[in-house]
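Labels for the chains are A, B, C and D, by order of writing; each one numbers its residues from 1.
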Amino acid sequence: MGYDAVWDSPREECGVFGICDPGVDIPLSVYYGLFALQHRGQESAGMTLAGGVRMVTQAGMGLVTEVFRTLPQAPGHIGLGHVRYSTTGASMACNIQPIVAETAVGEIALAHNGNLINTASLREEQIAQGMTFRTTMDTEVILNLIARSAASTAEERIREAAQQIDGAFCLVIATQDKLFGLRDPQGYRPLCLGATETGWVLASETCALDSVGAKFVRDIEPGQMVCIDANGPTFSRFANPATSRRKARCSFEYVYFARPDSVFDGESVYDARLRMGAELWRESQFDGDLVMSVPDSGNVAAIGYARASGIPYAEGLIKNRYMGRTFIQPTQAMRERSVRMKLNPVVNNVAGKRLVLIDDSIVRGTTSGIIIDLLRQAGAKEISLCISSPPVMHPCYFGIDTSERNELIAVTHSVEEIRRFVRADRLHYLSQEGLQRAIRGIPQEEICFACFDGDYRGPIPEKEEA
Amino acid sequence: MGYDAVWDSPREECGVFGICDPGVDIPLSVYYGLFALQHRGQESAGMTLAGGVRMVTQAGMGLVTEVFRTLPQAPGHIGLGHVRYSTTGASMACNIQPIVAETAVGEIALAHNGNLINTASLREEQIAQGMTFRTTMDTEVILNLIARSAASTAEERIREAAQQIDGAFCLVIATQDKLFGLRDPQGYRPLCLGATETGWVLASETCALDSVGAKFVRDIEPGQMVCIDANGPTFSRFANPATSRRKARCSFEYVYFARPDSVFDGESVYDARLRMGAELWRESQFDGDLVMSVPDSGNVAAIGYARASGIPYAEGLIKNRYMGRTFIQPTQAMRERSVRMKLNPVVNNVAGKRLVLIDDSIVRGTTSGIIIDLLRQAGAKEISLCISSPPVMHPCYFGIDTSERNELIAVTHSVEEIRRFVRADRLHYLSQEGLQRAIRGIPQEEICFACFDGDYRGPIPEKEEA
Amino acid sequence: MGYDAVWDSPREECGVFGICDPGVDIPLSVYYGLFALQHRGQESAGMTLAGGVRMVTQAGMGLVTEVFRTLPQAPGHIGLGHVRYSTTGASMACNIQPIVAETAVGEIALAHNGNLINTASLREEQIAQGMTFRTTMDTEVILNLIARSAASTAEERIREAAQQIDGAFCLVIATQDKLFGLRDPQGYRPLCLGATETGWVLASETCALDSVGAKFVRDIEPGQMVCIDANGPTFSRFANPATSRRKARCSFEYVYFARPDSVFDGESVYDARLRMGAELWRESQFDGDLVMSVPDSGNVAAIGYARASGIPYAEGLIKNRYMGRTFIQPTQAMRERSVRMKLNPVVNNVAGKRLVLIDDSIVRGTTSGIIIDLLRQAGAKEISLCISSPPVMHPCYFGIDTSERNELIAVTHSVEEIRRFVRADRLHYLSQEGLQRAIRGIPQEEICFACFDGDYRGPIPEKEEA
Amino acid sequence: MGYDAVWDSPREECGVFGICDPGVDIPLSVYYGLFALQHRGQESAGMTLAGGVRMVTQAGMGLVTEVFRTLPQAPGHIGLGHVRYSTTGASMACNIQPIVAETAVGEIALAHNGNLINTASLREEQIAQGMTFRTTMDTEVILNLIARSAASTAEERIREAAQQIDGAFCLVIATQDKLFGLRDPQGYRPLCLGATETGWVLASETCALDSVGAKFVRDIEPGQMVCIDANGPTFSRFANPATSRRKARCSFEYVYFARPDSVFDGESVYDARLRMGAELWRESQFDGDLVMSVPDSGNVAAIGYARASGIPYAEGLIKNRYMGRTFIQPTQAMRERSVRMKLNPVVNNVAGKRLVLIDDSIVRGTTSGIIIDLLRQAGAKEISLCISSPPVMHPCYFGIDTSERNELIAVTHSVEEIRRFVRADRLHYLSQEGLQRAIRGIPQEEICFACFDGDYRGPIPEKEEA
């Protein structure tokens, strides 16, 4: 993947939020919603307020609480928000969303979660037509499609644009009087609709609905578009090249990415993780004195393992919550201590104990090894490591950061080699079947496991195929 | 308590750290140590490096990671660190520690955790003698005692000073070639000694020893002073007015303040909290479908309750980890949503369930009420609230912040009234006997429960008696 | 002028800089150049480095020294810079230049000084064609013209674009291997070419050539375009709607805006101002004991007045140089003291003296009045105020900020009324003939005096005509 | 001068300000006063407000406009301010003034300009008595003397302290109800008293009186103390070791340090500089086409030279006013260009001209050489350099920074050698007699010229004598 890839397929993890509600404080609601979605992207945050004479946007690099030390104000009742983490290496301020443009049908603001696979050709085509690009974002390509459309209404233009793009996308779009939500035909990333007493909310996860006191109404279906205005939501379907492909709801949202208090496509993330733990016990039958997790991502699966096995659950590693963002980088020789800064064993839970340790995944294996060393130094007698997903062996092109997984240990090492590398006494990865059983609320044929099994449910980005 | 109280008895929560070690990177070690103690004070942080021609101090308002974006450098092998939270309302930058002064026996740096009860008279006496005060800190009074002493060595001067002060104090003091640690004769606050391969470490909690790879050696005993130099530690005892009083090891460190991975005076905080949970079950016998905690302070006791009762443990409230320090204050009308920003129920763990909810204490009761409302809105069928300590009814003058407890609900309300105020179905506070059983590693006559039972084990600050 | 005007004709004061030089440190040179042009815009600054695989841009709100605390790095030998002050009220971060876009002929970066008059129709047309706008800048319209062009080279596309735009513009444009400079056919704003030993420099003023050690080569002529590459500069002419109109070199650059060490179109700004002072004496024959200026803008004309009249020149008002950007706003009642913070009389030069005070222009008259009061309080016996330009009575649509001149006192008051308003004993404005004589290096028919006489030498912005 | 010198004789340039006025906004007045004194110290600024229950201090590193983005508030009518530049190399935040301490006679705040010569012994003595030092400032020693005094009133204690200190000092001191001003018996540094309609002001320079609309009343006399309270000022004299020594009013304040709009001890700085220029002409008789200065410090002397000689005055070098504080350091090879960033010749004033260039002093000679090169490159035919003071050959221990003068060129080079080093055609330094004539308002026997002639009018700091 050369330098050009920057323009072709930057992969982004994002969270999107939209609200159309005359009865609440819009900027504060968007703030709450973004704050609840912060785990989906900590690099930048942005908010656009529509409904006034001109849209107002406030955005910047940093956490939601940093970007919005004060809130923008505008008279309207429509708001859009976005949090973002980019895997493209150089974090570019210009890539912050939402992006807003004046079009022949008025101002349009757009927030996007996902990654398109036909950006390169669309971009090339648009450049040939004289469109200019200020960012490296897929989102700009979509906005151009909407702007260039000959259709006479924003709604038709958005539908047209949605028909031309391919890949993973959840879009929340605002005009001065309407809020739109779209989910790609394969349903890679989640998008849900909620209702307050006086209005409507769109969000990547249900935890953001909760944060503004909205009740969950329904998930936006793959290939579905919702248009919300003063009369409430209207649903429709748009057809695009991906329509006939298999659904591809992301399994990794359940394993790691989503917040445990969210529910997607009818399946509770918490329950799915609890079952991952139970499946891990069923498959591994690893015995021990205590079950503990690598906090926080392994917590729920560890509780599930403990319940299923009857082995007591304990907090064996205490996580320091004060990391902040500016951390003095330890020298290589002190890398072990760096992990120790974040995680410290509770000696009495570890010394002389046989531990079952639960984590959600193994990336390079380095950190896992250091954690296991820490536990050994604290006196652990035996460490059985259980991973609540299969080995990650393939990059995700659809919205999950696998860039740090470039040197994925599972690509080049057998499970036994990994076990030795991380110094565990035993190691078990949840099987794909186990994971499927855990996410039982979703029809199995609709789940994407590509990062585990390489079975991409549609084309991958153009430049990546070469 | 009028304005003058600022000078008389500001109460501070603090963490102290000291190291004397020619074999490690001193600034980095102090940084690690302070980072591990960050929970003991988030308002300011400071570090003094001794052992060079001049001591070097870097300090500031903010978190450890903020104050030390770069580390100070100095040639010596002795370092001192301090984190602090002051209850005096106005956070004063000048009150940051360590404080350093040139004396007739060379430069002396001092870091202090605790609160003296005879500051006012010592201060008055010193002012009459022409000493000047730049801060409102007890620490300055102690430094003046050391500076004013007629003794010829720093060690004797420190001992003399320690004999004149009364109240709660753990002191870590550095000269250019020695590191001292002292703990008041009643032992209010903890202080422990650890060893690296090449040197020695003093810290408020063992988690800070772990953070620099030091092994726990022993706790500094009440009334004990340790002097560390190139020849290692030498222990001695100092006598002061408090010597004959009852020991007063703080029970609230176990309930709430300390990190669960620390061990004080031979008792593991984690184990003590686990037993608090078990005792809660033994006393309350509250049944339910799930046990959950108000994260993070109630986690361990909840696990203990679950184990003892056999009721499954679950994470029923997900805590948002991205609060940061600059948070837009919600309007009064949105206070409920403010709690909801921090805590969100996992609906499937709550809806239709009978919950046993564990928290460490109740202050005003407002937040507890909102949390219980949140759980009800998420469908909880029954909520039994268990508090892992007795009602807090008396202020602490010895290093725990009870300033937010000014309007302590337990002072003016019965348990039944509190239950109604927080809208719980049932409410049980751990009895003092139960708490004593939970902290069983400490002889009961040596534990201070004054905040619960008002039995202060010595005089309280001079101005407070009036 | 309503809200819509924001999109139609924001007026901007700017400075532009470009360099193509394989023999120097490009980022440092652009930094030096922008620093020299800082007086042309203090709101934002930006730099684009071309010649590498991808262009690199660093830009932000603030002074050059603030935006470039560190310099960007890139391998190429072409750089572009821009400083900007916008009169549109709300300072918009997104409007920072240079702007960069990928086009069918590669990346193009553009920096612009001036204001177009046909932006509104071009913009409307482009929106109808589906182009999207992220900013309110004329510059984006130009960039779109270049991007949309069917021509096969950047050079032809730039020429085509230049032929479609109308108004005041100096453009410095970079591709990955070429640097372009263009000046509008009427020559409103200045642009000059300089040479280092190894390369070429374009800048708004010659002081920026000096700052990088470049020798002045020639001014870019109205309607001229220069293309610089490895073979050096090539000059050509482009025709556009304005070609047949009268030249309109800005007289106000000489009066106030340009730095006195710059030379435009063959006329030294310093010399022109010196002559303005002499002309003022010739016209007014105001006698006095001392000539002094309102620093710094009146300094040179005051020296000229002193020389011509034989009256001694003195620094009668000392200017405080430490204003910085964050200034506590005084209450209305203390407005006089606010001016006094900036300017303080040298009492011995004022007390009992008859003063001739020179300033470049009067806007609202409020500040002039306060200054004259200050001098009276310091004991001035007589104050004769001389203004080195005619009364400003018409807005400039071509790159000089007259937005603060909305309530231009000269529009509604006679000279005698203004004299009374500012409490001067005598008041003389330089006549337009006098100003013409002062700028004698430029053919009089080529100078624009529209802000004084309303004789616009071409159409004004579309929306302004209504 | 070794490392220990940091504690013994740090030399500081400072400005002090005090106000006692029930009729004005005290914080705003102190702000204005400090802003007017900013040229006396740009490193740190501080303000203390007295008169409330507790004194309130706000201080920090940086310019006045940076430290006081918001102003402190307090109910009283007494304020103290300080700006400071330290020559001790490491800028120490703890050294910021005013310093405040609680004493047996209440809180006392102190701001100090000058340098003591007996700090080391006083400090040693105080340390032996058990006083502690937090800073390296003389000021702390003075505060300790006041605090330690047995006298019963603040006034007596201050007088006693003033009798024990030796060297250069202007002190402005506040208690909760009084404001004091003291000037050392030799009168090294200036201090003046002004009156508003409702109160009284003390300041280092009259320009600060002007800034708050106060009228000059009188200079504080050497050895004089003024005590201001509700009844107005009371003057008295204090005797101390220096009383019988020669007066030592600083000549360098007139040459360079003070603002030209200030008047000290009856002599206008502006007028003195004008006469320095005239004396320079009288002595050198250097002819030329134009007189110009190195701005801004040489401006007034250049005007004086022009008037006396009849040679026209011109602004030949334009100074860039936007340097700010964060400036990218040029590489050594670009040092010339660094000076060029700050100063650019007005070519028409230089090319082919014989120039008389006026500067206030020569330090190392490097910058002078670069400026002369710049003028030559701009075509100067002849450059005659005139310096408005004699060669600086001795360090000042009394409040003027000569630390950059460590390698003073005049110490090791003859005037002819310096002329060659700076590449001037001719070079003349004003004679000491000429300087004396210029400062004619002061009895010559009362002026200190020690930096020129080494005739220190009293002992120098203790450690420096060794």
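The rule we apply is simple: a contact is a pair of C-beta atoms (placed from the backbone, for glycine too) under 8 Å apart; a residue touches a chain by one contact, two chains touch by 3 or more.
Note that this is a predicted model, so its numbers are computed, not measured.
A.B. asks: What is the chain whose Cα centre is as far as it gets from that of subunit C?
C.D. replies: Using the mean of the C-alpha atoms as each chain's centre, the farthest one from subunit C is B.
A.B. asks: Using the average of all C-alpha atoms in each chain as its centre, how far is it in Å between subunit A and subunit D?
C.D. replies: Inter-chain centre distance comes to 61 Å.
A.B. asks: Using mean CA coordinates as chain centres, what's the subunit C-subunit D distance in Å?
C.D. replies: 37
A.B. asks: With centres defined as the mean C-alpha position, give me the subunit A-subunit C separation in Å.
C.D. replies: Going by mean C-alpha positions, subunit A sits 48 Å from subunit C.
A.B. asks: Which subunit B residues reach two or more other chains?
C.D. replies: Within subunit B, no residue touches at least two other chains.
A.B. asks: Let me know each pair of chains that touch one another.
C.D. replies: Every pair of chains in contact is listed here: A-B, A-C, B-D, C-D.
A.B. asks: In their complex, what parts of subunit B are in touch with subunit A?
C.D. replies: Listed in rising order, the residues of subunit B that touch subunit A are 25, 28, 31-32, 35-36, 38-39, 42, 63-66, 68-71, 207, 210-213, 259-261, 263, 268, 270-271, 296, 299-300, 303, 306-307, 312-315, 318, 320-328, 330-331, 334, 337, 340-341, 344-349.
A.B. asks: Quick check on the complex: what are the subunit B residues that touch subunit D?
C.D. replies: Subunit B reaches subunit D through residues 3, 6-7, 53-54, 99-104, 127-134, 143-144, 147-149.
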